[in-house]
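Common to both upcoming complexes is subunit A, partnered first by subunit B, then by subunit C.
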Partner chain A sequence: MKKISPFWIVVVAVIIAGLVFTSTVKNEYYFNAAYVVLQALLMAVAWNVLGGFTGYVNFGSAGFFAVGAYTAIALDKAFGLPLPLLILASGTVCGLIGLALGYLTLRLKGVYFAIATLAMAIVFETLVVNWAYVGGAKGAYILTPDSHLWFDSYIQMLFMVMLLLALAAIAVSRYLNSSRLGRGLAAIRDDEVAAECAGVPTLRLKLISATVMGVMMGVAGAPYPFFVTFVDPVSAFNLFIAVNSIAMPMIGGTAHWIGPVIGALLVGSLQEIITVTVSSELNILFVGLMLVGFITLAPQGIVGLVRKFRGRKP
Partner chain B sequence: MVGSAPRSLLRTLSIALASAAFAGSAAAAAPLKIGFSMALTGGLAGAGKAALIAMEIWRDDVNKKGGLLGRQVEFVYYDDATQPAKVPGIYTKLLNVDKVDLVVSSYGTNEIAPAMPIVMRKKLVFPSLFGLAVNDQFKYNRYFQIMPAGPEPKVDWSRGFFDLAAEQKPKPKTVAIVAADAEFPINAAAGARKNAQRHGFKVVYDKTYPPSTTDYTPIVRAIEATKPDLVYVASYPPDSVGMVKAAHEVGLKAKMFGGGMVGLQFAAIQKNLGPLLNNVINYDFWVPESTLDFPGVKEFLARYQEEAKGKGVDPLGHYLPPFAYAYLQVLEQSVNSVKSLDQAKLAAHMHKTTFDTVVGKVKFGSNGEWAKTRVLMVQFRDVQPDNLEQFAGPGKRIVLYPKNWKSGDIVFPYKQ
Partner chain C sequence: MSTPVLEVRALVKRFGGFVALNGVDLHVGAGERLGLIGPNGSGKTTMINCISGALYNDEGSIIFEGRDITRMAPHQRTRLGVARSFQIPKPFRSMTVLENLRVPLEYAAWNRAEHRHITDEAMAVLESIGLKHCAQQNSAGLTQVDMRKLELARALAAKPRLLVSDEAMAGLSNAEVDEILEILLALNKRGVAVIMIEHIMRAVMRFSQRVVVLDAGEKIAEGTPDEIVRNPDVERAYLGE
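What follows is the complex of A and B.
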């Protein structure tokens, strides 16, 4: 009999813990805070698929996130679709945008690619600002639906949805990292020309990686309108979303799938704690300082530090 | 038994005193907590910090008077960093962890709306600070918004500008409407279109521009090319400055210019633009004219101006701070009248009562907006260059509309 990997045991344990959490804890604050952390985690894992594994730095994460959110708003308004279908639709739309972004890698590399992703986010923001159906520049209200399955409140359900999405993203990221495909991506990151010469189908792998990233960011954005109830382009395309999605994997470590998970849990939780204890102002300073600290002192992130500590090569 | 009566009286008195002291210490031990989120960093921080100063002045005033329901008032607040995504978490924490007794809103539409579902689930009264038509969507009957936009916020905002224009002789015929691509300006422009239609003005220019625009002369030139009699501008502070400067550079020949420009109410921008502001007609909510000298407002502003020194906020504080003080006065007067924190009773009281506040008499309509609009149309006059102090007193922003608050006559047509 094939041995079950401890990873899946942990995944099942986390799902059960999540369900127990929703049925025992009544304090909604913890679900709100956990939702924000999990959303950041999903974004970080998504960014890492292209940024960490493949080495293509994407500054347009907020663009994908917002397109996911706005796809959900548009379809909710047009057809009143249930949340799972909205998530599916947002994932598909952002996956296709990711695929298009993948083709950009044919011509653009390094800093030029990063600038192109940033420009892409601005293009999408301009489109949304001028699209009156989804509220345009004045924003859109999404009223929280009354039904929330068997959960006590809507936020509990959103938390559980985000938990499942985050776990699914981690599972995909882990698969990509440890499979033959992941080794291909690592080869591209290290030297794309050499990888191509060695027979790695670089374009196909980059397309897969960019699409997966798009899908993940899209599904992260889909439940957001139901979480905040009012979305306007300024908040949905907020640069802070993009900065967090880069900072978290950088701090956690980009080469391994666990890196962004650790980074997001650490930075995300600390951000939530600092917001309600010290101030949000320090929050931004804190992320900045951590990022500078890690980039200069531990460029491989926490994962790199642990490996070094264990005496293994990073 | 002689002397027993005084002795028993003494005993009763001492028990009464002791219990009063005990009650006093119990009250000290259980302050009344008011929770809110506020934009103390990020885009709206300047206004958010000013609002907080005003709110703290109110808290100190109330506590000096013995607090609310005999309990000292304490604030529990967190910075939402002008990020709507932070607001739901903050309000759930306030209600479920900090267990605040009352909540009030943050500043601005984007920060108020995300709190609504949480506040609504708990059925709390929600005094709110400067949200534009938030309740159009939620239709929550315990929402009370202090900005005097009026029962139809989007339309009432520009009603005065167009009513004034319609009274002029010869009556203007054409209007240009220009707005930034952002939440408030788009709503204000939509209202302006309705008012223009109501008075039969022909709209000859109706466009939006991206908020990141830096050079406004092409926009003003395009407007000038259509030769409008009126120019209605709906803008946020940076673009308001840009539009006023561009109007001068291009030599705009419209007969009325202004309307919905946010920022021209702030002392720093007034000082910066100086005489360029002369004869611009723009909305405002409170100005230091004799017609708006409500009881307490001058004393409040004097204290605010003292507190605001060196904090990087509006030094005069005419725009937001009096309203940030007033929305808590509404809460205070309601709690004192109802004598409990029963949210249903508080809401019922807020619906039926006319409140006396530092911003005048406040009466809420059924949708939680002011029952009657008090969006002022003021005209800048005799503004001197580089002088902040001139705006502290009357004579620089003449109230033209509504009639009840009028402090002078219009200069028409607009002359630069």
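What follows is the complex of A and C.
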């Protein structure tokens, strides 16, 4: 029989811990904070699939996130679909956008690709601002559904949903990182021409990577309206979401699947702590400083530092 | 002459108004060792870029083992059996030497590799090329000559029937040139046809069964190394009138 990897044991343990957390802790703030961290974690893992594994830096993360959120708003308003279906729909829509964006722009390299993704986010923001059905520039109020399964409150359920989504994303990312597909992506990141000459179908792999990234970001955005209950384009398309999605994997380390997880847990938690104890404005400065520090002192992130101390080549 | 593994017919490649290749014919027999030489800018690298698919030719056709590959993407050509090494080594820098070989084994040779034994196969290639001792080393830290060997090893791991070696020896010492030469000869003994592009005449003359000379995008001479050395057109191309 195949041995069960420690990874899955940890996943099950985290799910159980999550359930225990929801049944024992009553203070809703903790679920709010955990949700924010997990959402950032999911976004970081998503960004890393294209940005870290494949080497294509995406500045449009907020665009995918917001399209995910607004897809949920529109479908909720039109058909009143349940949350799992909304998540599925947002994932599909953003996956398709990832595919289309990839097809149109993955021939661009480096900074040109980054600019194209930023432009895409702006295009979508403009569309949403002018789309009255989902509130346009005024924003939209979303009513939290009454049902929250066996949980004490809706936020507890959302927290659990986000935990499961994040774990699923980590599992996919881990698989990508260690599989044949992942080696193909790494080859593209290292040298695209050499990858192609080694038989790697570079365009197809880049499209897969962009699609997976899109699906994950869309999924991250879908429950957001129910979390904040009021969404406007400025908050959903906030550049800070994009910056966080880049900063967290960079700080954690982009080459390994655990990198964005570590980065998001560390930076996300510290942000929450600083927001509560110091100021909500300072935490943006804090991310910036941390990013600068890591890029100059430890470009391989925390994973790279750990490897260095263990004596392995970065 | 044996049946050709590669047949290039009337290849034309233009860059804007500049004609880099002007109707060049080239054929390589199965298991043949062909030297491709010419002064700088004569179109050698453009030629192999067209053969490997990095560039698409404007006119003419490229036939590999009876199949027209003129419009095929580079990775498909590699899968069919056309491998190339790069003049400036392009290792996958985040990977170890061993992992570098996994990529072509898992992609180019996927249908021909024995999936369970990828590591063994990679090690076998490394052993044959003399890189076994640095299998677990990060590829970015290799010496120049080992980088060149890695280039060849990676091309080899794609299990090609035609290898295009683009100046694998440029800048190496005499002893190192001999090392690379031995590798290419050993490879050829196993039935892989080789197109060797090189400026080091000693290597070209020793290696090639046949030499093709390009100058300003046209083929000006073709023959055995001895014939080429005595060819007045070749002398003129290299030295002027």
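Please note the rule applied: the second predicted complex is superposed on the first by the 312 of 314 C-alpha atoms of A that agree within 3 Å, B and C clash if a C-alpha of one lies under 4 Å from a C-alpha of the other, contacts with A are read in each partner's own complex, and residues count from 1 in each chain.
Throughout what follows, a contact is a pair of C-beta atoms (placed from the backbone, for glycine too) under 8 Å apart; a residue touches a chain by one contact, two chains touch by 3 or more.
Keep in mind that what you see is a predicted model, and the values were worked out from it rather than measured.
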- Message: Touch test for A:112: subunit B only (first), subunit C only (second), both, or neither?
- Response: neither
- If you stack the two complexes on chain A, which partner ends up touching A:103: first (subunit B), second (subunit C), both, or neither? neither
- Which of the two partners, first being subunit B and second being subunit C, lies in contact with A:234: first, second, both, or neither? first
- Task: Examine A:8 and indicate which partner it touches, taking first as subunit B and second as subunit C; both and neither are also allowed.
- Result: neither
- Message: Applying the document's definition of touch, where does A:272 land relative to subunit B and subunit C: first, second, both, or neither?
- Response: first
- Query: Touching A:32 in the superposition: subunit B (first), subunit C (second), both, neither?
  - Reply: first
- With the two structures laid over each other on chain A, which partner does A:175 touch: subunit B (first), subunit C (second), both, or neither? neither
- Message: Per the contact definition in the header, classify A:137: touching subunit B only (first), subunit C only (second), both, or neither.
- Response: first
- Query: In the superposed arrangement, which partner chain does A:155 touch: subunit B (first), subunit C (second), both, or neither?
  - Reply: first
- Residue ranges of subunit A in contact with subunit C within the complex: 180, 183-184, 186-187, 189-191, 193-203, 255, 313-314
- Message: List the residues on subunit C that touch subunit A in their complex, please.
- Response: 52-54, 73-75, 78-79, 83-84, 86, 90-95, 99, 102-104, 106-110, 137-138, 141, 154-155, 157-158
- Item | Contact set on subunit B toward subunit A in their complex | 40-43, 78-81, 83-90, 92-93, 95-97, 109-110, 113-114, 116-118, 121, 137-138, 180-187, 208, 210
- In the complex, subunit A touches subunit B at residues 26-29, 31-33, 36, 126, 129-130, 136-139, 141, 143-144, 153-155, 224, 227-232, 234-235, 238, 240, 272, 275-276, 279-281, 283-284
